[in-house]
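I've put the structures underneath this note.
Below are two complexes that have chain A in common, paired first with chain B and then with chain C.
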Partner chain A sequence: MSETAHEPRNKIAHEPKSTFSQEIAAQPGGEYIRKCIQCGLCTASCMVANYTDKYRPRKMVQKILIGEREEVLSSELPWLCMTCRLCEERCQEGVSLAEIFHVVRDIAAREGHIPKVFKDTVNLVMKDGWLLKGSYTDFEQDDRTSLGLDPDLNWNEEFMKKVKARYFGKEPVEGGEQE
Partner chain B sequence: MKEFVLYTGCTAPVRLPAYEAAVKAVLDKMGIKLIDMKGANCCGAQYVESVNRHAFAAMSGRILALSEKYGHDILAICGACSGSLKWVKHELDEDWKLRDEVNALLADEGLEYTGKTQVKHLLQIFHEDIGYDAIKAAIVKPYSGIRLAAHYGCHVTRPYDIVRVDDPENPTIIDRLIEIAGGTPVDYTGKTRCCGGPMLAMDQSLAVKIGLDKIRNIRNEKADGIVTACVFCDIQLTQVQFGEGVGEKERIPVLTLPQFLGPALGISPAKLGISFNKISPSKILAGVMEV
Partner chain C sequence: MTTEETSKQNSSAGQTESKVPAALVVGGGVAGMQAALDIASQGFKVYLLEQSPSIGGRMAMIDKTFPTLDCSACILTPRLSETSRNPNIELLTYSEVKSITGEAGDFRVRIRRKARYVNEKKCSACAECVPVCPVEVPNDFDQGLGFRKAIYSPFPQSTPNAYTIDKKGEPPCRATCPAHVNAQGFVTLMKHGKYDEALEIVRDAIPFPGVLGRVCISFCEAECERGTLDDSMSIRNLHRFLADYERENNLAKPVVPKIDKKERVAVVGAGPAGISCAYQLARKGYPVTVFEAKPEAGGLLRYAIPEYRLPRNILDEEIQRVVDLGVKIKVNTPVKSVRDLLAKGFKAVFVGTGASVSNKIGLPGEEIVGVIHSVEFLEKVNTGQDVKIGEKVAVIGGGDAAIDAARVAVRLGASDVTVIYRRSNIEIPAIPSEVEDAKSEGVKFMMLTNPIEILSPRGVLTGIRCVRMRLGEPDHSGRSRPVPIVGSEFTMAVNTLILGVGQSANPRGVQTECDCTEYATVKADPVTLQTSIPGVFAGGDVVLGPLTVVKAVGQGRQAADSIDMYLRGIPFGHSPPERHRVQSYEVDKRRVLPAKRAIMAKQGIRSRKSDFSEVELGFSEETAHSEAERCLGCAVCCDCNQCVKACQRGAIDQSMTDESAELSVGAIIIATGYRLFDITAYPQLGYGRYSNVIHAMEYERLINASGPTKGHLIRLSDGRIPESMGFIQCVGARDVSKDVPYCSRVCCMYAIKNAVMAREHNPDADVTIYYADIRAFGKGFEQFYDMAQTRFGVKFVRGRVAEVAEDKHTHNLTVRYEDTETGTLHDVEHEMIVISPGIQPPEGLDDLAVELGMDLAADGYVDVADQIVTPVDTKIAGVFVCGCADAPKDIPDSVSAGSAAAMRATIILNNMRKKV
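Our next item is the complex of A and B:
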């Protein structure tokens, strides 16, 4: 058998709409997108896909591969991945959907597409240094004391100010609304 | 005596302090010394992690650098935190540019990440640092006739190459500990599936459906309780049983691993914060202690 035996008889006239998949592949964690064979095992093993029809990880990878950049970046779907990585235990090609969707989120965030809950939580943690300052009342302090635990949680608030200035500028994190 | 610096994360101290107390009581009993990490910050899991990889590395990187200052490896008791810290450690060990960037932010506090400390999740302490034999030898009031379902937590066990805790497809540490304490570990459909916790931010009703799927699978095996090793999983698997569709009598108690082990090791319920559990585990504990 010659080397060319596997080549299609007629060249398929398919061009991705954009270089989105290359953009993803160029970032750490995104490189494996090149290996996806579109088998759908990820969708089959995903609990999110199991309970909502709108979420299909294989299909989202397909959209990236065919270059639907704007559609993917402005969608809430990449933010629905729980990063549980069950699919990547199953994927025979070593593709990490959690990583690919992190890269997508990173690009989306830079272009102003961040779901409100993510935006609000990031701003909160930048301000307080930790997530639950607002929920830590006398009631919880008493619980800790009764358990013999230190009620003074001693979180550092200063460092996050540096992180914010370095990576998010002075203003709160902004993001466009998702469809 | 082995020593670790304990990073509790944001959630345990406020929403699940009984877990923190039980970790301390059980590890103390098993000869592990814990030092509370002071002046820490959020590890950045999920939220900052999703919007800026560098900011995330700075946040978890600072916690790693703090552990170097203490001179001890980190014990993380939450799946999200242990996953984040291990992930960022891996990144900082590979990507020297990122490491320099993080260290530049840490410099004026006199902190530096050099990579000399390790991050361990609670399951590793039981398996690697204490060991099954020592735990077996310390059991004074074994359970009997109690069926328990282990839930490991996605971010505790995956991705294996980075977290290195247990077999991600067929984890055994919690099951072994249930057995050692005299309980019967039960297998159930979808054991390694997610509890749905990470979905709470984006879609609460979807998160509940995913959580209840697991509860149903566990109920099908007639388990008396669920044993967890992550703050978020524990809260999620408890909370979903308080919505519609689960009758009060059907609720399955959820216990953190040290709360389960503690009574068998002769530790009092007060020290383990048993009374804080929203679904009373009295049936499970009846044989081993007065609740």
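Our next item is the complex of A and C:
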């Protein structure tokens, strides 16, 4: 692979810092990562990259290839992929970026790197049983009443308790292991 | 050429060949030419086979070569003439391999030489034929950017320097027409407003453009390929327009008889068959006399078809034209005996006496007052006799005569007219538009009904008793047999009953001198139409039974051809070679825009019910022209023969046919070249949707001085010179998702050359190449790449283009890419985008491989025996490969491979020579 880190900081600048790319390639979906020739088709095709300069799928693959393991795993960027797979559709080398980022998230979660917003979301669901309880206000109740609907949603918390007991013991685990 | 005779000699096992060993080179591109020249210069014979009309291949299309920017044609042209002049090389252009048998040193190759329809030796490529040709098709040599005629030469230096007619066969319209009217021919000429020439084409086949333009059942329209897209062409109305246009503008040229033959021919019966036969014979120069029993000529056209469908002045004028040609028509002259005519000195006789006897319905009471047969009824009306009809009229039957009788009854004042037909709306044989017209005039249709009794107390018709029918199993004619429904009988009051249940040949007619069937129709030979009496021919209803006018006219023409051959003593009787009928898949329909069939104006219903003036009013010139434009031109060449008239050297031969030949060769070289990747597989790049996105070969033609724009680099959307251009690399190459994982090897360099040429054409233009890597691997390539940047100012951006978007108003194109050197996303607007497609194995290579018993590599290219030590040997002994047939190559590498393959082949040829 001809792409290297630009700053010649030390003698091994042209060697990957770690075997991270091999680690990814060993996982299902990550097999073809080392086929990447850094042509930029993925970034130019990416919806998310269109909205934020931070997110650059090509650069993320580049970081993996040069072995920046810690930087990639602790970053929140691999969590931003929408899995629309347009990059995969167009990639001429057969690299599956959505799958690679999935593998990265798996490893990151295992090692405790989950962005806070994802944790909060999961915990909220575990607590309330659904995502929008906090946004259910008087206004919605009034709207439902005026539409002739019952303002009481009859949310079944029993079921949630059963799920918790079945999979997580008595209390929900902080920062759940699941994705 | 090695003919079949020599191949027969060869087939004896002994190696007693005294001939010069020969090689076959398949593909006349620059590699194939090199191979052929090298083999030929060693004294061996070479067959250079090429599927297109000229050798030269892709190099002839290319404008400049890389890295030296030499003019491609300037390098190629001397090679072309060297190849064509070499006495040891036999060019087999416009040809293809059909089969290959044998082994190294003894291959038998069967080839097909497609008919060029132009004699290569006589043609001087003066191009006199081109301006007169009315057919325009996209020019495939110019990648479909410009147009060429049906008669064409791909490029100015075409070798052999002879034109070619692109003729796919016989169009469906013409193949279907019983009279073989060349519909595609006259319609194509109409597109150009050449109405005179168009009418001449119709008159070549039939004497009745105006008559058949009104009454023909138009079998052609049912087969018209346009019908598979939207509506079929209105072919009948178009030739009616031609006749109308000539009449209304008094353009008819006086007819001059050219009777230059002595053998007199008699025609019995002046109906459509007889007049058609007499017309064709007179055109061939025979003195013809037509004998007609009735007071006027025209047969059923005059006595059966009502005037509102066929005004009599039209019929009279067209018959008069036949008389003006020198045909004598003797009316009121019934013929007693055909043999008498022969005895009186007529050398041949045509019997076209028709089917004049009305069929009986088979019910008692058919003779009583108030019951009349349709043809009798129509004849009385048409000859101006006084016909009395009642208030309530019933017409039995569903043929054209029945519908005509019903509509005539309406015009005579009947208030209630009902057509009674025993089958349904689907089976009714009358022309559908006539049925519609009848309905709109108030005629009632009672389908699936049959009369069973004529009610006539005291000898006067008062009504009929009918029964309802249902459709049962198909009968021998393929139509469902109607079966009466028991208990459904009913009675209806009727004052006049018209029976239109068909006609038969007269069982005591003059035709019965010849062998006849039990129905009194003549048993004529289906090909020659000759009867059991030599020199007596028959055609029309008297042979076929009652059918349609156009079939009778067609048989008249067919008989005239036979009589001509009979009189000239030419053996006849075998059917002419069947021409290939153009099939649906062969017709190019890609650029066709939907357009509805033209509708003919009709007289208002109220006014038409009161008199016999013509109902259908004809096309205006504008309508006719736009209708003609809808023709798809199925066969490409429309056989209008305008080129034949224009050619002063008599080089055009429309009677040519494809030929096959067998070659015996010792070695075969495959030099079949490549095809471009179909870049429509990348919809995000917009090719095919955005007119200013083109591919590299289209670009080559655009900048080429002999191309469609004479070398002006312009945008296809508006003809403007592009001020900013982008070249997109690696499209259909190095793409595993499109099954083309390999690098096409030439795209980087040709794109750099194209970009340099863009700056040469317009030094102010902004030119950018979008690439992933530049592969400048050959001698001088890196310097050329460098020069493109420094001297010519071409910009290079590293980043593959993700998508191209078009501005709907300016037709400018925005490319989206990541500049991978800076990591920034860009949207850049260009005025033109050129895609550099990868190259692929050529079409048809797989067929050739099957013939050779050869396996192709997984990517579809020829598999070489060993890439390093035998790079031009295939895995079949005696078969070699060069050019792009085994892998992408640039021109110098292709030519080197050509020489190498020639050397390998001549080793075999030399061994053959030693054995001799």
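The definition used in the following text is that the second predicted complex is superposed on the first by the 105 of 179 C-alpha atoms of A that agree within 3 Å, B and C clash if a C-alpha of one lies under 4 Å from a C-alpha of the other, contacts with A are read in each partner's own complex, and residues count from 1 in each chain.
In this section, a contact is a pair of C-beta atoms (placed from the backbone, for glycine too) under 8 Å apart; a residue touches a chain by one contact, two chains touch by 3 or more.
Given the structure is predicted, the values throughout are model-derived calculations rather than measurements.
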Mind working out whether A:Ala49 is in touch with chain B, chain C, both or neither, as first, second, both or neither?
-> second
Between chain B and chain C, more residues of chain A are touched by B
State whether A:Gln38 touches chain B only (first), chain C only (second), both chains, or neither.
second
Chain B and chain C footprints on chain A meet at residues 50, 89
Touching chain A in the complex, chain B uses residues 10-11, 13-15, 17-18, 20-21, 24, 36, 38-42, 44, 46-55, 58-59, 62, 91, 95, 105, 109, 154-155, 158-159, 168-169, 190, 192-194, 196-199, 201-203, 206, 209-210, 213, 271, 273, 276
Interface with chain A, chain C side, in the complex: residues 684, 730, 734-738, 772-773, 798-803, 816-820, 823, 825
In the complex, the residues of chain A that touch chain B are 28, 47-48, 50-52, 76, 79-80, 82-86, 88-89, 96, 102, 105-106, 109, 114-115, 117-118, 121-122, 125, 129-132, 135-136, 140, 143-144, 147-150, 153-156, 159-160, 162-163, 166-168, 173
The answer for chain A against chain C in the complex is residues 35, 37-41, 43-45, 49-50, 56, 58-59, 89-94
